[in-house]
Each structure stands twice: as structure tokens, then as C-alpha cells.
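This is the structure I have questions about; it appears just below.
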Amino acid sequence: MSFDVVVNWEREGFCLEVSEAFPSVGVTALYGPSGCGKTSLLRIVAGLEPAVSAQVRFKNQIWQTTGGFVPIEKRRIGLVFQEASLLPHLSVESNLEYGWRRTPVSQRRLVPADIYQMLALAPLLTKRTGQLSGGQRQRVALGRALMTSPDLLLLDEPMAALDAEAKRQILPYLARVVRETDTPTLLVTHSASEVLRLADNICFMESGKVAGPVTLSDALKDPGSPLFSDSGALSVLHGTFAREDASGWGAFSTSSYSLHVRNLADYASSAPGLSGGQADRLQIQARDVSIALTDPAQISIQNHLSAKVTSLTEKDDGMTLVQLTLADGQSLIAELTSASVSRLGLSPGLSVWALIKSAALLQ
Amino acid sequence: MAEFFTFTPADWQAIWLTLKLCFITTVLLMILATPLAWWLARGGSWFHTVVQSLVALPLVLPPTVLGFYLLILLGPQGWIGRGLESMGLNHLAFSFNGIVLASLIYSLPFAVQPLQDAFSRLGHRSLEVAASLGASPLDRLLTVVFPLCRGGLVTAATLSFAHTMGEFGVILMLGGSIPGETRVLSVMIYDYAEALNFENAHRLSLLMLVFSFTVLVAVYGKQRRLSFFAQRDTES
Amino acid sequence: MKLFTATRACCLLVLLILAPGLQAEQATVAAASSLRPTLDQMVEAFEEQHPEDSVVLIYGASGRLTTQILNGAPFDLFLSANTEFPEQIAAAQAEASLPQLYAGGQLALWSAKQDAREIGWEGLLSPDVRRIAIAQPDIAPYGQRAKEALIHYGVWDQVQGKLVYGESVSQTARMALSGAADVAVIAASLVQQDIMKQQPYMPVDVSSHLPLSQSMVVTAKGSANPVAVAFSRFVMSEQGQSILAAAGFLPVAQIRSAE
């Protein structure tokens, strides 16, 4: 089952033209630059634009069509805006309970105690909204949206208004929420790092047009992917992280191999309650990957993975992106000088060893 | 000195009548003005501008002019008065109901404008959030709009009350100074002054002044305290 | 919560709409403000004679009262300061009575600062007299007559810049009383009041202006009210006329001969 949106909406500067079926499980990111129409699309899905002629169907419910419109309060959605928009006349606790009280008992799938624990909201309950920091407000906004046990979670650039520190602190919570509550999520963002950390599927948007959803892995296989524009080519591996000691070192394991990586101290301390045994992501910059034809023994780099060359893409700047497939089928990209590529005689199908200098655990 | 503060029965009648007029007008005006102010705050068409200007008209019309035209319209010769009489009801000139209607018209901008200001300052976001959490339109009105616009509501009610209390020209023209029916305090004071009965005029004027001032101090003081505390919370 | 309780209190108050007052044997009489306080004394005397009847008095500018009567005002009897207004009412209302002359008005010159007799008509031209108050000629008969007197004594053109107008003749009196106007031309009946006794007044010769024929009319509404009719008769009776004469009005007979 999926959810479909058809809309043709003339806006300032672009025309939102969408006719697409979006996945209704996992996190789908609507990724694109500012002003491309992603917020407009989200608002239509939310039911905030009744005047626009659009068709929206979620699973088996018709939310919007030419003759009919289901108002937002009747759609079981959770909405988080860029600015937390906590109701200023209510306390934090009342804000959180606002949706809970308006959810019929039979539809209360998520319970407040779990949500409070998931998002570490207990110490904030007694405070007034004006006393919270930006990151705290967003956590409360997220919790508030979840209290209605929504069928669909809509996040409109939830971290855009936060500073880097607050962003780093809230990301683990967001990741935890989408994993543990199993709520289909539509995430609007222009931040590649958010997509890498959270998305299962991505729809690239530009000037009002949406490309169909692709999985994260497939998106990363494209050497020219927009996700690489911030910090160069990279790969994301899915696996499980288990912490070994207090300083954050641990093992990132997949079905076929294991990497010795460090979880940065800040992550460990800012996300209490998070432990191993969950689906984790590892981000590896392409320039941190070296290739050897044989498995080197005396070398400082700890992580050696056996891989097979899938493709080579030469870039303008004298570098070549080497696409590798790992033992469990996941992809890894390495960036080498074109000279090295020809010196090693790399070609598709060749078995090599990938040496990973450093990796960052993405929460 | 104590004699100064004794009011005649006619005075008490005027006082009671004035309080009745002010309360009834204020309540009715809040009921009428709230949806009107909401509609004005949420729209931008040319029609909205026309209505907004009509609402503000009583601010610029001279009261006796307004009273005169209301007299013609609502009296037995007027379009509305005749309509009422044909239905078996009384015409509205020189009656309490008539001056209530006149007060509604005359004090309308004093109720609508603070409400409209408060509603437009509210913005859309709080309501979108409340709706996304499952609140119906009426629910949103009661649990979000009213609490967040409380200042505007109180100002609108207070100004309507105070303005109605001070009305003179319209009420004199349309009401005719009928004791027990339309002879409100302002008309009574005028009558005393006309009769060169200054002591009575002073007495009633002082009463009105003290009462109005006390009410305003109480209302504005409460508003100031509430917003001060809200400010303090936000800043910490 | 407080808002809710306040709202409930207000609604209860709204529901306390008084039932229409009991109408005993009562007449509502509208009178020109120049008849203050004379008519109060008249009503007192009438009610003494007719204990079951009561009269409610409403004073005002004759013009405004006429407009109100023509638009349905619940007045039973109207005592105007002139005859034209009652004639308008008689013409408009079939059941109204014919206008009936009840007294003749007189003018007086009065100042709060000094004896008006020392100012006189020529004194109005003096630079010491900066403001002269008369009632608005268009709406108050006394104002119209004051204007005629000023014309008669040849000072009207020169005093144009000094004139201030009162909405009614009693408002004009107040202007002089407060000192806002140095001199006023007002009704002689008004200067009889205690508060005006501080300075003597100067009576104005009746021949200097058209007669102030003050008429009354029983309105269409009042034609069915026996108290209104009884009161109008009382005004014309010997007792009523003597009250008027004592207050500075001219008896009907004198006015009739002037017309």
C-alpha cells in the first residue's frame, strides 16, 4: 500500500506538478533546495491547503479529491514544523497532552510513558514553553505529534531552525522515534546529513517537480548524486553497533564483516537509553577509503574489507570514483586519483581490499 | 457632606437603566463582533475592506446625525419601524430596545477593532498545530483562539462598556429622555445642567467618573499583570 | 474560569429585562426648556388638585422635540416656545388637537458680571463685551426673537462676530451663568430662577420683536389620554395662567391683542 498525490498548483516562481506514489512505510525524504516546493507538497498532504485542487490518497482513505476534502483534524497525522510552535498559553505537559486527549481511546497505539522515555521528556514536563531551548522545544513538538499515534508523521525541516549543537543532540531522538514507533514518515529537508541519517527512501525535488522515490542505497550509487554536493562522495552502511568500552570504541557489524569504529563521546552521552542492538548507520567518506590489491598486514589502518569493483567514474579534477560491492551486498565508494586507478589496473569485476581510515557512526 | 451623596429615586432609576444598557450592549456586542472580527482578520478581498469601513463609520459620524437617522429609520415612519409595526411589534424609537440597537451600532467599532487586531496577530500556525492534533474548529476557537486572544477580548468588552456608558447624542435623539426607559445617566446629567441644578449634575458626574475609572484601572491592571508574568516566563 | 463566571453573570443580567413599567393614570408632557422651572410648579399644583393623576415632564429644545414627536415619540402633550412647531404637528397628525395659545414669552438681557440694565443694547457694542449668547434662531423660537430684537435695536450687524449660539435657551442661560458669554439674550422666565438672581436683568420691550406666541398641542397619542387633556385645561385655567404670569410670561389675552 502506498499513498498517492496528484497536484498541479501554480505558485510564485514555480509550478508544483506532482503525480507520484510515495512509500507508506519507513522514512521518505523530500529532498531539494529551498523554494523547490517541498513544503507546499507537505502542506497539501497534511490537509492545510483545501483551496488547491489536488488528489491525495493515503492507504485506503481518500483525503482530498475534486469533490471532497477531509479536514486536517480528521486525518491521523502528526505534524512538526520548523519552529516548534508550541502553544504558548499551555505548559509543556499540557502541550503534550493536547493531542493525546483528542485521540479516541481505541486509536491510542503509542502511550505517553513510552514517548516521554523515548524523547527524554520527563525533566521538561514541569517547565513553561518559554523556558526551553530550541532543541528541547523540537523534542516536545515531536513528542506532541506522536501522542496522537499518527498514521503518518510529517516533518517540515524540523531541524532547520536549530544551531549545530542542538541539531546534533536531537538527531538521535528523531532516529529513535522513527525506528521504534514504526510510523511512516515524510521528511522535508534540504540537509544531506539528515537524509543520510534518517531516510530509507528519497524523492529528489526541484522547481516543483518530484522524481520518484529511490532507496538510499540506490541514491548513493549515483556518482553525481546531489547528496554528495556538501562534503563529497560518501557511502552509508547499515549494520549494528555494539559499544566495547567507555571511550566509545565499538564494533560495527553486518552479516559479513565488522568494523572497529568509535562512537563520538557526545553522541554517547546525549542519547541516554540508546544502546546497541538496533539498526545503525555508518557513514564513510569516499576519500577516507583506500584500495589495495592484496590484504596488507602491517598497516595502521584497522578496517580492511574485501570488495569487488563494480564501476569506475572519472571526474574532472583528476580523481576517480570507484564503486565497490561488499561481501553483504552493500555499496562502498572510494575516491582515488585517476593515476592510482590506472597504476593498480582497477577494472569492474576485480576483487580488491577496501581500507577504511575513519568512519563516522551516524545516529 | 453626606447629603452630597444621596441620590434621588430618579437618579437610581437612571443608574440602573444605564447599567442595564451597558451590560446588555456589551454582551450582545461580543457575540456579534467576535465572528465579524474573525472574518475581517482572515480575509483580504475588496469586500472585506468595504465591511471594515462600514464598521468604522460610527467613529466618524457625529452622534446626533447618527441618532437622527436612526430615529427616522426606526420610528413609525421609517422603513424598519413600519416593518416592525406591520408584524405587530412596536417600532424601536423611544424605547429601551431602540437605544440598545443604537448602542450596538455606535459601539461596534470599539468591539471589532481590538478583536480584529488580536485575531490577526494570532497568525495561522497555532491553529494549524491544534488542528493537526485533532481539534475541531469549535475546539480550536475555545482552547486556542480565546486564551491567546484574551487581551483583545477583554479590551473589546471594556471599551464597549465604557463607550456605551458615555453615549449621549444618539441616545437623546433616538431615546427621547423617557424616565425609566431611555433616560440614562448621561442624559440625566445633561438635564440637571439644563435646569441649572448643578449640585445634582456634579453628584452624578462624579459617580460616573469614579465608577468608570475604577473599572478601567481594574481591567488594565489585570491585563498588565498577566502580560508581565507571561513576559517574565518567556525571558527566563 | 473567571471569564466563564463573568459571562454567566452577564447573561443573567441580560435576562433581567424589566417588564414594561406599570402605566398608571399618567401623561407624558414635552416642554420647551424655557418653561423650566415654571412647568415644574404647574405640575405640582396640578397633581395636588388631581391626586390620582401624574405628569412626567420632559424638557428639550422645541425643534428636537417636534422632530421626535413627528417620528413617534410617546409624548401626550407638547408645550412649545412658539406656534409654528405645534402647527406642524397638528398638520401631520390627524388626531392631534389644534394648537392652543397658552402664554406669551418675553425676552431678557442678562449678565453674570454686572447689572444688565447698565449694559443695555448700546453696551453690546463695547469691546468689554466679547461674547453675546443667544439661542440658535433656527431651532429655538427665543433665539429667533432675540435676533429680531438685535436687528430692531440696530446692533445685529456689528455684533455678528461676537455671537455664540446655544442649542436651547437654557443652554444659552448656562453660557452666561458660567461667564463663557459676557451677556445673553434669554427667556425672561429663566431669569426668575434663584441662581440667576445674583444680577438684575433687563426686560426687553415686546414691541422690538414678533410676539413669542407659545402654543401647545395635544398629540395624536395624547388625544386618548384624559390626564393629558386635563392638564392642558389646567394650563389654561386661572390658576395655571397665574403661575405663568408670576414666572414672567405674558397672559394669553395680551398676546392675542398683539397678534
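When the chains are written out, they are named A, B and C in that same order, and each has its own residue count from 1.
Rule of thumb we're sticking to: contacts are C-beta pairs under 8 Å (C-beta built on N, C-alpha and C of every residue); 3 or more make two chains touch, one makes a residue touch a chain.
Worth saying up front: this structure is predicted, and the values here are computed from it rather than measured.
K.L.:
Answer with line, ring, star, complete or other to describe the graph linking chains that touch.
P.N.:
Shape = line; chains linked end to end, path left open.
K.L.:
Work out per-chain C-alpha centres and flag the one nearest the whole-protein C-alpha centre.
P.N.:
The most central chain here turns out to be B.
K.L.:
For chain B versus chain C, what separation do you get between their C-alpha means, in angstrom?
P.N.:
33
K.L.:
So, what's the distance in Å between the C-alpha centres of chain B and chain A?
P.N.:
56
K.L.:
Could you grab the centroid distance between chain A and chain C? Build each centroid from C-alpha atoms only and quote it in angstrom.
P.N.:
88
K.L.:
When you check chain A against every other chain, which residues touch at least two of them?
P.N.:
none
K.L.:
Hey, which residues of chain A end up touching chain B in the complex?
P.N.:
Its residues touching chain B are 46, 48, 71-73, 77-79, 81, 83, 85, 87-89, 98-99, 102-103, 128, 130-131, 144-145, 147-148.
K.L.:
Touching residues of chain B toward chain A in the complex: what are they?
P.N.:
That would be residues 125-126, 128-137, 139, 143-144, 147-148, 230, 233-236 of chain B.
K.L.:
Over in the complex, which chain C residues touch chain B? Could you list them?
P.N.:
Where chain C meets chain B, its residues are 3, 7, 10-11, 13-14, 16-18, 21, 28, 33, 36-37, 56, 58-60, 64, 67-68, 70-75, 168, 170-171, 173-174, 177, 193, 195-196.
K.L.:
If you look only at chain B, which of its residues touch chain C in the complex?
P.N.:
Where chain B meets chain C, its residues are 20, 23-24, 26-28, 68, 71-72, 75-78, 81, 91, 93-94, 146, 150, 153, 173, 176-181, 191, 193-196.
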